[in-house]
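Okay, so chain A shows up in both of these, paired with chain B first and chain C after.
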Partner chain A sequence: MVNPTMATADALANPPTIQEERRVYGSLWQEAIKNLRRNRSAVLGMIIIAILLLIAIFAPVIATHDPLQSMIGEPGHTGRLPARVACIHAFGCPAEEPQHLMGLDLNARDLFSRVVYGSRVSLFVGVTSVTFAILIGSTLGLIAGYAAGSTKSDSVNFFGNQISLRGWRRWFWIIVFPVITVWDRHWIIRLIVFIGTLTVVVPGIVLALIMQFPEEMIMRFMDVLLAFPSLLLAIAIVTVLGPGLQNALLAIAIVAVPVYARLARASVLSVKESEYITANRALGANPFRILFIHILPNAITPLIVQGTLGIGTAVLEAAALSFLGLGAQPPTPEWGAILSESRNYVFTAPHLVFFPGLAIMITVLGFNLLGDGMRDALDPRLNRN
Partner chain B sequence: MKAVVRLLPLALLLVLALGIALPVAGQDDASEGGLTDNGGLLTYAATSCDYGGGFQSIEAVDELTVRFTLCTPDPAFPAKVAFTSFAILPSEYIESTGGTGDLVTAPIGTGPYMLENWELGSEIVLTRFEDYWGEPAIEPTMIFRWNAEATARLTELQAGTIDGIDNPGAGDFEVIASDPELALYEREGLNVFYLGINNTVEPFDNVKVRQALAYGIDRERIVENFYPPGSSVADQFMPTSIFGYTEEVEPFPYDPEMARQLLEEAAAEDGFELPIETTLSYRDVVRGYLPQPGVVAQDLQAQLAEIGVNVTIDLQESGTFIDNADQGNLSLHLLGWGADYTDATNFLDYHFGATASAQFGDKFPEITEPLAQGAQLADPEDRYPFYVEANTAVRDLVPMIPIAHGGSGTAFRADIEGAHSSPLGNEKFSVMEDPDDDNIIWMQNGEPAGLYCADESDGEALRVCEQITEALLSYETAGTAVEPGLAESWEASDDLMTWTFNLRPGVSFHDGSTLDANDVVMSYGVQWDAGSPLHVGRDGSFTYFAALFGGFLNAPEVTE
Partner chain C sequence: MLRFLTRRILFTIPVLIGILIVTFALIRLIPGDPCRAVLGERATDEICDAYFQRYGLNESIPTQFLIYVRNVLQGDLGNSLRYSRPVTDLLAERMPTTVELALAALLFAVVVGVPLGVISAYRHNSAVDVTTMLGANVGVSMPVFWLGLMLSYIFGVILKDTPFALPPTGRLTAGLSPEPFYIAWGLAETERLASPLMIFISRLNILNAILTLNGELLLDAIRHLILPAIAVGTIPLAIIARMTRSSVLETLDQDYVRTARSKGLREFVVVVNHAVRNALLPVVTIIGLNFGLLISGAVLTETIFGLTGAGRTLVDGITSRDYTLVQGFTVVIAVAFVVINLFTDLLYAYLDPRIRLS
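For the complex of A and B:
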């Protein structure tokens, strides 16, 4: 592991070229991957995820049937069809009966094909929502962390002083706008001024507050989000936006944002007082450059670990929302939705809940194993030598 | 002080002006009738039949005789009077509760069981009423519980913690039948499940589109695959065993080719694009007519996609769904109807009559006119042709597509004697005997919203009321025939407009008071007279009174 302090001193005397930076980070990543490969559970997690990815990508090839096609009236299928158990020729199912690896669901659709296609939905929701949450969350966290502790007189006030109206000018407009609203009698002018107050002054105050106290405003808002049980908040968001896969994805992402914001802020706080950052600042580097080129790469490890674990949680939450009828809408094959449709048939047709449940479990297990392994591999404090 | 003196005349003037204006305003809103007291005998009467409802007057002739005078002949009157919503409650109790409050949570009736305790959210406990006029209940205690999940109900029954359940899951019928510990009682499908179409929503305003849907739905496939044994395909809205079913009216056959062709013609006429994009709303509530809501909705979605109608499935909360359906806010919806009494009027008039809700959009005179005529005749042979006409019009104009008459059932522990299922859903627990202990524990789908059943329409509430309260007449146990109830006998005038009921003497209520004709007048009157201060109920809709006997007296003016 390279000592950051030494690297900074080095950089001060002799600024690194891009190639040199790449070489340093490259070797760091190589070390991490080496550690990861030594971790057995992480390897198992990676294998599970790789298989799942392959299944999702090649779903049309792997699935034996159209996941939306009911088998009622199809050649070879007779009698009362729904909720048939598996028929596998290799395991003694009569050859004249059509083969269904996991049986049929309540609408007489091939369950195997539905579970296979379901992997597409679940992985898509998991990866997309976590990516979204990391992008938003870490940006907010970086800003909050970098701005933490700065005061008005601090030269590194993040947004600079010139953006917002300061001193008496701000208070003048905050007071004058509403006064005009009441004072002037003509309704058109009142309307314009009123809308102006709503669209300019109120957001102006909020913006000014955020600019003045970025850390406080961002982190307290994150605290508010964290105060809700995550699934409950997701349900509330979907209820407002309306049920559907996209809205569920958005809800899961929003719920996950504060976790990444906090992580990013904590990492930034631990990194930003380092000498190489002070040196950069002294050299007059743009704060965005400092943040994204110098701080972020040194603060990204916990985000990656949490992100991997977060995909598992997101898959689970997506399944939960779909189970409640707020996520994927019928007839979309989604594991949680399949579970929900067949929950009343646990005793009469247990295969209907067993296979999608198993699929959810394996997926979450895969991401959790990989996430744990990555934490061990990427944490420099755990020295394995 | 000066100010007070100066303002005094003004205040006096104001009071005077109000005193003159208020009675005048009151006179504007002329009363359509009301309650009169005739030396201790009450009469509720309308000044004329112009108010639009079915009742002219309800009169306590003497202490044990009640006479109903109707505005139009009603052959189904005894069947309607026997319905749970028209149970007789003590008039003093209605008055002392103000028509709501305790009346809703602690009903007093004449039934074989009386309410002991309603543990909100968990159970309702009834105890035997020792002074019951008829055969007293066999078991001293009767308990209602509820669970929306069919599996959970069956699990409890199998475990023996309860004695009987309602509506076993469609897949569980065989499980119960093959279990020697349990007994299955199939319930005849006196109901209909239909796909409702709102004809005010484009493109369903075109009759060809509606007919295309009728041609495009394979009803046999749905009944065969998703309904329990004992169910049948619905050829028309009326179930086969209820008067009003007309076998000469043949349904549209399943013909997807025809459906696609009709859709193309309609698209060319009205200039809309195919495939049609629309919404199919339903509620995830298991009823006898729809044992597997989600599954059937998805199968219909797949079937409609075949003929070029892409539907988004829209699951709504039960109460919201019913409100939306009644207000005509839904384009396509899945709903059903179970018989309250066995007559065509309960099915056809309620849904397609002139006063029906906006569920299917605008009314068709081709349907409302024969229905209005048929409802006024007594002789089934005279009525029949009108129902042929109405059913034919319903088929051709397609306000909805009837799909199935769902068989359902109850299941009991095998050793419960007297266990049964009622085609009307009003199982009678007072005739059941549990040899193991001193109670009958019954688990149904849901908790009642209230127990003042004049203002309830949900079967879960009605079944509880059935045990506690009684109406003038009653339905036979496990059947639909009308029997004497609180009235020993009744007679109708030849024109079927005047009905006289002779009350059973010596019937006492759970609070000890004795049944008399005034109780009957009040029980009906507070439902009928929307202007009465006692016309309150739980939410004040009094759905069944409005549905079965036309409009309310002194109903607030509806400005449209």
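For the complex of A and C:
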């Protein structure tokens, strides 16, 4: 790799044309992909995810049985459960037994086929909920970041002192002034504070609120969402919406929104004051153009990295909700739901719990590895060596 | 410092108000008539009128909200529909199990995670490091409930007759009934006469066993706590190990560590007193963030291990559509989350003189 300091000094001495730069460094994307291919955990993650995708796409080919079809009454299958499920092909079975790679579940369905079809549900929920969360979250974050006022505009001149009404001070005035007005014993002080409140503080607050309203509203709401442990909030949302896979998906997405909103807002704030934005504004570009064409690309890398990690979390949360009976409903072959169905038989038929859990773990591991690798490869700020 | 303190404390006020709004909205957002959603489809009009009257549901929404806030501030979270008892009583009764579980899990995560992180940073890129980091990656990817089930199978069935066997369900062996410390100390004669705080403390089995000096009970309670604590603590452990590793790696590169080495200090002193001490600051913040993980861990594992804690009660409340219970538990857990985060921030500021003095 080219030494960055030398490259900078060189570039300052005789600035290269864009074409030259492209030739030396490659485009940003090429650079990123090169970094990504060199990162071992990213490659491992990609391999895992690719295999999972293939399994999900070709589930009907890979699965040996219908995931919803019970085997009771088929030749060679008797109804004795769960003792009957103990013959697991993966662990060795007599040849004359009916072959089931992971055995049968409590309803005498082929567990392997159910786990294979489960990959469809989990990947779908993971990708959809994160896409949804990124779309909503980054839009909110962009608006909040763009609407954030500059620090000086909202201070108010109060008897010669500049009172800034940003952040905690606003809450301080909002709370303290009415309290003094109501509770102080001296009517003179009450009167003065009351008049002061009416003439200076209230207009100041209103002005500041109007100027920062979108930012304040959005970010404070995000703070509130973040104040709940995420699974708890998802549970609360599903309680209101009613159990089911779609509602669980929605709940997982809503819970994840604040993360992306904060990321997008931070990216906007970091480039908002830069000169190319000012130049664009001076050229008369409309705010939406500036936001989506000039500011958004800066936010994309962290969003992609966080999104990849987020898919893992979403898969885990979906499985957890289904495990609690709030997500996918039986007989849907969802990993968490399979686990939940058979959890009371863990002592007699542990394989029913083992395989779907392993599937969840491998999926989440794949996305975590890829996300971590991407963070190292794509984020130039972290690129220390 | 004072400025930081007031600022940080004032910042939590809007968040707390927001939590109240969200939990207030929770019950109002359930589709349909709140009375019939809560009391069942067959509730008559008279019953519903009485219900509306009693909970102030005839008032306007802002008034209802103020009533709700007033009730919450007075510690009145309503009556559980399923148990027909105050939600606060249920909390005092079932929270101790969860608190004990969460603390044990956190202890496990810190005691194992920090040394692992330090060792893998010190032996950077060695086999120990690679294994630990791979293990940490697997650890954060594991579903808590799966780990819990597998642990109970391994220690309850496979290792059943070995010395490593651990009880997979319950808080105490059946038949053992702990004597509450307030009775042993003569503070109150029956449970009815004891204050809620006393009941809360007496239900923390380990603390109660220590207070009543009952060794057998203490050992039994600890043995029952090991498996759930490992299940809940694994994800925090992985996160703490990773965090410690990257943080120690950074401090090991610092000039003052080189200075300490060139002074001729023993390597152990250099690493522990100079590098690790400074590296642990960011790890402190992680403890606050892990509270959410501990709570969701408790929600998912208490059923598995047969513990009647807050998490299990919450899940049961959802399946039996006990909305007041869900609302009450949610608000208490969310407020606890905010308060713990506040304390971690303050602790962090206290520990880091750069923040304390600025």
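Convention: the second predicted complex is superposed on the first by the 279 of 385 C-alpha atoms of A that agree within 3 Å, B and C clash if a C-alpha of one lies under 4 Å from a C-alpha of the other, contacts with A are read in each partner's own complex, and residues count from 1 in each chain.
Going forward, a contact is a pair of C-beta atoms (placed from the backbone, for glycine too) under 8 Å apart; a residue touches a chain by one contact, two chains touch by 3 or more.
Note that the structure is a prediction, hence the values are computed from the model and not measured.
After overlaying the two complexes on the shared chain, residue contacts for A:Q329 are found with chain B alone; chain C is out of touch. Of the two partner chains placed around the shared chain by superposition, chain B is the only one that A:N107 touches, whereas chain C remains out of contact.
Of the two partner chains placed by superposition, chain B and chain C are both touched by A:V346.
A count of residues in chain A touched by chain B and by chain C gives the higher number to C. Contacts of A:L68 after superposition: chain B is touched, whereas chain C is not reached. Of the two partner chains placed around the shared chain by superposition, chain C is the only one that A:D223 touches, whereas chain B remains out of contact. Looking at chain A, you'll find residues 325, 343, 346-347 touch chain B in one structure and chain C in the other.
Of all residues in chain B, only 149-151, 154-155, 169, 171-172, 175, 221, 224-226, 284, 292, 294-295, 297-299, 301-302, 312-313, 315 touch chain A in the complex they form. Of all the residues in chain A, the ones that touch chain C in their complex are 41, 167-168, 171-172, 175, 220-221, 223-225, 227-232, 235-236, 239-240, 242, 312, 316, 319-320, 323-326, 336, 339, 343, 346-347, 350, 353-354, 356-357, 360-362, 364-365, 368-369, 372. Interface residues of chain A facing chain B in the complex, by the touch rule stated above, are 68, 70, 72-73, 80-83, 106-108, 243, 325, 329-331, 341, 343-349.
Residues of chain C that touch chain A in their complex: 6-7, 10-11, 13-15, 18-19, 21-23, 26, 29-31, 137-138, 140-147, 149-150, 152-153, 156-157, 291-293, 295-296, 299-300, 304, 314-315, 318-319, 323, 326, 330, 333-334, 337-338.
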